[in-house]
Amino acid sequence: MKKIGILSSGGDCSGMNATIRSAVRTALRMNMEIVGFRKGYLGLMKGDCFTLDSKVVSGILHRGGTFLQSARSPEFRTPEGQQKALAMLKELGVEGLVVLGGDGSLSGALALHRLGFPVIGIPCSIDNDIPFTDMALGVDTALNNIIYAVDCIKDTASSHARAFVIEVMGRNSGYLASVSAIATGAEFALVPEREFDLAEICQQLRARYEEGRDNAIIILAEGVGNGQTIADSIKDAIGFETRVTVLGHYQRGGAPTVFDRLLGSRFGKKAVELLISGQQGLMVGLSCNAILATPLADVIKGEKRPQDEVLRLAEVLGI
Amino acid sequence: MKKIGILSSGGDCSGMNATIRSAVRTALRMNMEIVGFRKGYLGLMKGDCFTLDSKVVSGILHRGGTFLQSARSPEFRTPEGQQKALAMLKELGVEGLVVLGGDGSLSGALALHRLGFPVIGIPCSIDNDIPFTDMALGVDTALNNIIYAVDCIKDTASSHARAFVIEVMGRNSGYLASVSAIATGAEFALVPEREFDLAEICQQLRARYEEGRDNAIIILAEGVGNGQTIADSIKDAIGFETRVTVLGHYQRGGAPTVFDRLLGSRFGKKAVELLISGQQGLMVGLSCNAILATPLADVIKGEKRPQDEVLRLAEVLGI
Amino acid sequence: MKKIGILSSGGDCSGMNATIRSAVRTALRMNMEIVGFRKGYLGLMKGDCFTLDSKVVSGILHRGGTFLQSARSPEFRTPEGQQKALAMLKELGVEGLVVLGGDGSLSGALALHRLGFPVIGIPCSIDNDIPFTDMALGVDTALNNIIYAVDCIKDTASSHARAFVIEVMGRNSGYLASVSAIATGAEFALVPEREFDLAEICQQLRARYEEGRDNAIIILAEGVGNGQTIADSIKDAIGFETRVTVLGHYQRGGAPTVFDRLLGSRFGKKAVELLISGQQGLMVGLSCNAILATPLADVIKGEKRPQDEVLRLAEVLGI
Amino acid sequence: MKKIGILSSGGDCSGMNATIRSAVRTALRMNMEIVGFRKGYLGLMKGDCFTLDSKVVSGILHRGGTFLQSARSPEFRTPEGQQKALAMLKELGVEGLVVLGGDGSLSGALALHRLGFPVIGIPCSIDNDIPFTDMALGVDTALNNIIYAVDCIKDTASSHARAFVIEVMGRNSGYLASVSAIATGAEFALVPEREFDLAEICQQLRARYEEGRDNAIIILAEGVGNGQTIADSIKDAIGFETRVTVLGHYQRGGAPTVFDRLLGSRFGKKAVELLISGQQGLMVGLSCNAILATPLADVIKGEKRPQDEVLRLAEVLGI
């Protein structure tokens, strides 16, 4: 193998730059050429790429997002799009590919692998919903962004007699909501993995209120319910003012934490080493502090859910 | 004067604790007793207060919000409410009052003053909409909170071909929007002080886009327009994905910046000194680096608007 | 068991408050009384303690240090000191004890256990030098503090032609130095686990310099060598200005990260549950994302060293 | 004027990039070419420069340091060095120059002005020791860096019975020390503008200690005394452990605050406007919220000292 490529696809997250830098430095040490495709599979199909050297990846380690840019590409999901990409890789002389992304992007990587092209995936998703890795890239930074904002909102909540419903990301996963609730001392975390009874929650909040605790934070996982509806119910039940804040894309970016810089650095190095050693069709993952590889096919079939312990802990430490 | 009181009213902001601490330490040095009323004028009318000593205000300087809590009180706006407060102050032996708050709270302070009670106001409002002070307390911290979030969102915006409309607080003032746009390199700041033409903005964004700049940040002052409507117009005009983020109450809290800790410390000390020296019916304010006092009556009649230079600068440095 | 105690001992770290809060809330849910001893074993011997309820531990989750305070106590290392503590525990009716601390504090816990008193240890040490836990409490926050400072210093280093030698904590462990070097893109990490040849480092720095890279960051683990001597050698060898910064106690404090808040919350809950279930003489630890317990005797005999992979990664990603 | 130059000289500070970006954007709007010299006067003498366009200054606003790099140049202090620079400016067709730097750099600017070359200075110095500007660029960011570290250290100090002597930058100015002492609630600020009696300080610390306050923070302005000597005296006098931390170059860097981004943006714009309007030999400065210009000759002759009010406030709010 003389030349490999790398791309980031789907939603961006903090740590992607650290990952790319590590992959590039590892490839260069092994005397391999490495090119970066712009905007994920979109750039791959168009051959929109450039050579990555030591200088290009200098000064990016601590920056959020991905300097290769990312995009979603419906075309690449079609067999025609995938053939186009394969032809382009051949034309460019690229013999292996590292793909950073979430489950959609990893499905794309699996498609290329099934067409016989050597590819290694790297799990990137702030939702922490990718199986076969204890943590996906970007989760730790997103969590720390969340608690920074929630800590600020708590100052306001406790200065007034107010409840706040704060919606965090997570798609179908309650991981961000559960962990940030534990980490901020929120009263409730409403997550897709556990049913909840809004009436009972209001009753518990009222009981707290009668004990003199006149403010509360409820962390709501995106998709579990409408923040405003929940806020209105709380206001009706208890009477104190309730506000809704949707944290939004702020959660995704910012300088990566140590955890994500280290994880990305380990992922990037391992992915390139696997390609060079002739392995393919795998996703790297963190498992008990080691970086292991799992067949992409298993990843796509699998499902990840937050540890029960974490879900329970959110309840125990709450109200 | 043997005993004075202090309260925080209206929307909370970072730096209130530093202000209260400084007022308490100044009063104690001058051998004066000082009590804190809980929840603003609400606590004042009920006589819900406690003695503030050195220990009570230790460890609060760097914390957001107000440990005296705040509230809005419609009752205090009535003559009956004000008489109730006066009676309570008399009963408690409190001879002077320091009020932290925005324009509503300062109107309340003026009412007490007109009834003959010695009162000094301290301008607190993240919107920076209080006249006769260059900066109100809490503005600098709010601005730094805003840019932290916008810097994060920029990472995401520039990783994708995306525009973001980010709504910041400010009520009738474009100060937060203008300054944060300058400070984050946003393409546009939409503020109440300047009319804007959405069609023209879209045209300029399209021109940028054709030059290859495929992401943009638009800072929207609260109340100027609907974020989603603006986002939809941009999407229609240019075609790239546009997202809306409403920063919300996150802007209010968090550890105060140096500026707000220093400003609060100066305000608190000055307010107590004025009361002791027999002055009243004034608001302290920052004017050319000095702490000056202005009659509350002038403050309530006055109006503050962002410097033209700042508004223009936001335009020059934008697109 | 009706009543248990908790104390923090040795060097403080971020996350101790989260741990204590979780232990208290867990104990209260199980209808057990819990008291906190002030200043570690010092307070234990003197019986300087107070009842911990829900209110006392409210608002501390996000604060650095330990509100129970900590101290080192030579007296407690003696059999007399330990008997004094036992007698005091009996007098107070305390039937079990949770000890937060590093290896010295855990040795103390083991001593109490050997005297027949039920005790559970919680590993707290920013150095990450305690065996039988993947991470000790406080490490993640310390690392994030370190990279915040190093990122700042890099701005200055790259604005000038300068090398910086930055000394981080770690006692006999190179963990903080290795990981922070990876996470900040430092050129070298000098750690106790690996010998290094200063002459060769200077030669490599000179080679870099001749390629036009005129600044460098060297992370030095405390105790490995004298920062100024190393800086002088670099200056002599390459000729560019070299500065030394000792990060010091800044590394210990500050608001804990999500990781440390979650870890502390899990540790605190588990420690109390173990005591209640009649287990003792154990230390809780993080092992493959689960909280497990290990005999304190094994912990004290054991040794922890950074993973080889991390040490190598620091080298690969460096110069 | 068709073409101007810009350079940063002396110690770097946060906000330089925002300033350069603003100068470039202002020049481009006025259809003027602008070049950046690398490494200050060093690059000026060598003609080491490149054209600055919109793209080059994109993405730098929020980054610390200066992407033009800085350096100290003894050669430029000689008449020969200055003639060399003039000849180079002529050769390059550069007709005006913007200089970012502290007093040494501004003296260099004045020298060029006296030789007839149009030059405008911008005051950059985290020490806030440049007269005719209320604040120099970089001061606000440095202060916020300082309090972040001191807040962390306070967590540790209050967890143990400990005093910390924390040395901050400032050369001959006590501004950073005074303001950061106020902003962190430090017990003492030791500054060059006020004599202090170490014996008396120890006595006051002992009195506090006897009241039960067993920790203290002393902020020491660089150059006022030896941190370790002061720490030893305190330890001898009171008996509790005392640690020294020298914050060092960490203070200089990091993402600039809103204040420094705004100030830099205003300075950069004004400097270019002055050059274009034919004015020269001036330094821009912040005066009562407006950007004014002062002859460089007055700046170099002048002296700045912290406001007495600030120095006194540090004392009042301290012990």
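Letters A, B, C and D mark the chains in the order given here, with residues in each chain numbered from 1 onward.
We adopt the following convention: a contact is a pair of C-beta atoms (placed from the backbone, for glycine too) under 8 Å apart; a residue touches a chain by one contact, two chains touch by 3 or more.
In UniProt terms, the chains line up like this: A, B, C, D = ATP-dependent 6-phosphofructokinase.
Treat the numbers as computed from the prediction; the structure is a model and nothing was measured.
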Distance-maximising chain from subunit A - centres being C-alpha averages: D
Between subunit A and subunit D, centroid-to-centroid distance (C-alpha), Å: 39
Between subunit A and subunit B, centroid-to-centroid distance (C-alpha), Å: 35
Rounded Å distance between subunit A and subunit C, as computed from the means of their C-alpha atoms: 28
Contacts with two or more other chains, residues of subunit B listed in rising order: 151, 158
Pairwise touch network: line, ring, star, complete, or other: ring
Pairwise chain contacts, counting only pairs that touch as defined: A-B, A-C, B-D, C-D
Residue ranges of subunit A touching subunit C (in the complex, touch as defined): 21-22, 25-26, 29, 58-59, 61-62, 134, 140, 143-144, 146-147, 151, 158, 179-180, 182-185, 255, 257-259, 261-262, 265-266, 269, 287-291, 307, 309-310, 313, 316-317
Residue ranges of subunit B touching subunit A (in the complex, touch as defined): 8, 12, 14, 16, 39, 63-67, 69-71, 145, 148-149, 151-156, 158-161, 164, 243-254
